[in-house]
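Shared between the two complexes below is chain A, which has chain B as its partner in the first and chain C in the second.
What follows is the complex of A and B.
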């Protein structure tokens, strides 16, 4: 591998993390949610606004702004020397962590805030939300033929079922495990326990995906603060070090994907493990992008937690739930905690920070030392994997 | 449906014969096929050609994967009222080495589809305007 990222490994730490309330928050604008999360994360780090000289954001679907990051900086009266809003769908979150780390190491900024917020649930009408779901397709080729985002992921599920014998029950098992975690998280939008039968009995959205195979639609905001590992040592909380980061980008449109059942999560993971010098078996938990249940299935395999085609059996083993061999989405994930659109996996990142600070309360993974977080955007298009640890060595 | 004239929903994407073909392009340098048409830069990383010829693509292929739409998609899609769920297939064309998405013909549901099943291209009405009936391509299972 050309660049194993030695210049970045362990050089940067997450020192602040905060979420807003999530779920259904009528009357809260995406800008307010983004700013609330950013200010709370700065406070959590024990820093002041004037310490922040880098700001990375993602545009909000419910309140699109031409200069989003600048607007957030203006609102907070922060005057950064590194300021950018980035758009790679659900993959934006961890991709910008990768960029922020690089910016800190190269001296573009000392203290970087990454903040995102959106209100897909309360600020969009059902028709507008459907437009968002349809707008991911190729504008002429895919979109006019009546496929929406769930249908594209359903193509992945059907292909995995045909190739490896994966069952709808195994897909449902992923949603059940996420809900078990959410039941232990007071902040989660959906906490009532569900069974495989509940998932299969929920209404069909795009065969074989049922309603409960699909993530939530939510309002919420989340933010983190990053700085150098050296500076982190003097701050309020145990630093959470970035040991590995890797990306992989293969296509925009699913019809141009070379495979339906293997994604660039594989390359993203390989690059992150190589940089960290760690293996999948070293991970005490994994937060995997779960916009739909088959996404998690493919990621478990591509990120090396089980062999290709064995994702279904891995789910059946009970590994994903609380106390399992690999707890996945310990906050509840997009399936049960919340999914306000592009900020969605920021909540997986803040949760990982709390897990690695050993401050996750009832859902704490015992002795958690290392975790992998993964996000993807598009239809398995844009992947980033990060490896975080409470130890640099 | 009325006796209005038939017209393609998108001009130039397929022929209007009873046994229709999708219209794509082929790179004159390396032979790679494209649909929708690519006329600018060849996407093959090993080819730097900018010359393409228009070609009719194979009428048949095999199902790569499939699903259905249980909910009415938003505009620009024109859905029948009341909305009837329809199947969607991603179809691999062997010669062209590409995947073409499309609806499956009316009356065929997911239960009748399998990955690897042979399908052929047909035209079916998408919707009717004041002037004509807009036709589009759909995939139809063929007896193996």
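What follows is the complex of A and C.
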């Protein structure tokens, strides 16, 4: 069978990447964070604002706009020929990367900026934040039962524990590994080391998830710049090539999921590996969507890093931490670096760029050549996996 | 005063689902059943998700099921939902899965695989929702 992604493989590169400061940033609007990140990413690429002719964004919860990308273009006074904001929840970040790549390969844009920012921490009131939680789920058949966002994910954790004997200690091990990475990242919001016992001693939010099984609530913005591989060769930094991309979609509402313990991350990964011509064992690191610890557990299995049901044992092996067999979330992830909502995965992308440029400082994965990034939106609903590399071959 | 009490989240209403909610008001759990392939489905739709058929009829079902998964919410979503409470996914005897609450004094009694049966609770206004209780051992 022809490789459906062959026309894209290695044809497009990430040439610029930047994050704003993250954490608690009172007084900064999401648009300001978005623009600050975009300008820094364009500068990082050695390009000018006026070189940008494609713009992809996602909306901000703390400052929702009917025409987000258009408003950002207006703010920056750029006049793109390719411009839209996309909403696939946490999966938005990585799905727009292959849309941008398609636009570049087909000539619909030459230089595309992907920029996202939000200020969930400082601009949402506690009541608004609870309202965001209450609007997750099916408005007729789920929301009335009062599930919080952690509760929806707890259903997955509980099912995995019942089916495979996974333990709360193993879930906690994921949070511990992310914090070990964050301790080496000066930009991370939470850097103090934690233990499995600390996670289990933190208060229960929705059984079996404790507070430290849940991601942070943050402010921040992040952006990347993409262009063709040919043009990338003349720019400032080593290009980071897009070798594989795949999506998988099985449901929107968790009550309609055909499986609670196997997700469409499996199809997303299979499609990305096939396009790249690579295997899970070729990955030097993985950045996996970690809004709650059980998502990482299921993703490790579905993306082929271990067998189904073996995620807990894989965590116990120490693979995820610094220097492990498969360092996961080398910036600290949503659990320890930052989580400003839908832009959250952007930081996994910029981190991957720095890892593949060999510019990640103390947390550099030795000789990193290739990495997988994965994100999901909804409740394990909408999955995208990308494979990035510093080499095209 | 009633007006100052926090309100629970009530389901949005659609004409298609009215037979479901009317069943709840009458103490009866109803599902759509396909006239062609005779399989049940939930939530209500304009097509049968199994065979694609568009002729669907409402049937009262047993209200019995098994817990596919559950969680105990320790921090309620609003003051109208005093924690702890159990949110669960129930696999109904007729096939479909649905989300609900399990009404139980001690959440520790709930487990994946527990047998449950439906009951109905007023939810504010004229809304009545199906919730579940642990099935009696002798039933």
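To be clear about the criterion, the second predicted complex is superposed on the first by the 390 of 393 C-alpha atoms of A that agree within 3 Å, B and C clash if a C-alpha of one lies under 4 Å from a C-alpha of the other, contacts with A are read in each partner's own complex, and residues count from 1 in each chain.
Convention: a contact is a pair of C-beta atoms (placed from the backbone, for glycine too) under 8 Å apart; a residue touches a chain by one contact, two chains touch by 3 or more.
These figures come from a predicted structure and were not determined experimentally.
Looking at the shared chain after the overlay, A:184 reaches neither chain B nor chain C.
Within the superposed three-chain model, A:154 lies in touch with chain B and with chain C [touch as defined at top]. Contact with both chain B and chain C is seen for A:255 once the two complexes are overlaid on the shared chain. Touch criterion met: A:207 reaches chain B and chain C at once. Comparing which residues of chain A touch chain B with which touch chain C, the overlap comprises 130, 133-134, 138, 140-148, 151, 154-156, 158-159, 162, 203-209, 254-256, 260. On chain B, the positions that touch chain A within their shared complex are 9-10, 35-36, 64-71, 73-74, 76-77, 79, 86, 88, 90, 99-103, 110, 114-116, 136. Considering their complex, residues 130, 133-134, 137-148, 151, 154-156, 158-159, 162, 203-209, 254-256, 260 of chain A touch chain C. Against chain A, in their complex, chain C makes its touches with residues 8-14, 17, 42-43, 68-78, 80-81, 85, 87-89, 97-101, 107, 111-113, 123, 127, 129. Residue ranges of chain A in contact with chain B, taken from their complex: 127, 130-131, 133-134, 138, 140-148, 151, 154-159, 162-163, 203-209, 254-257, 260.
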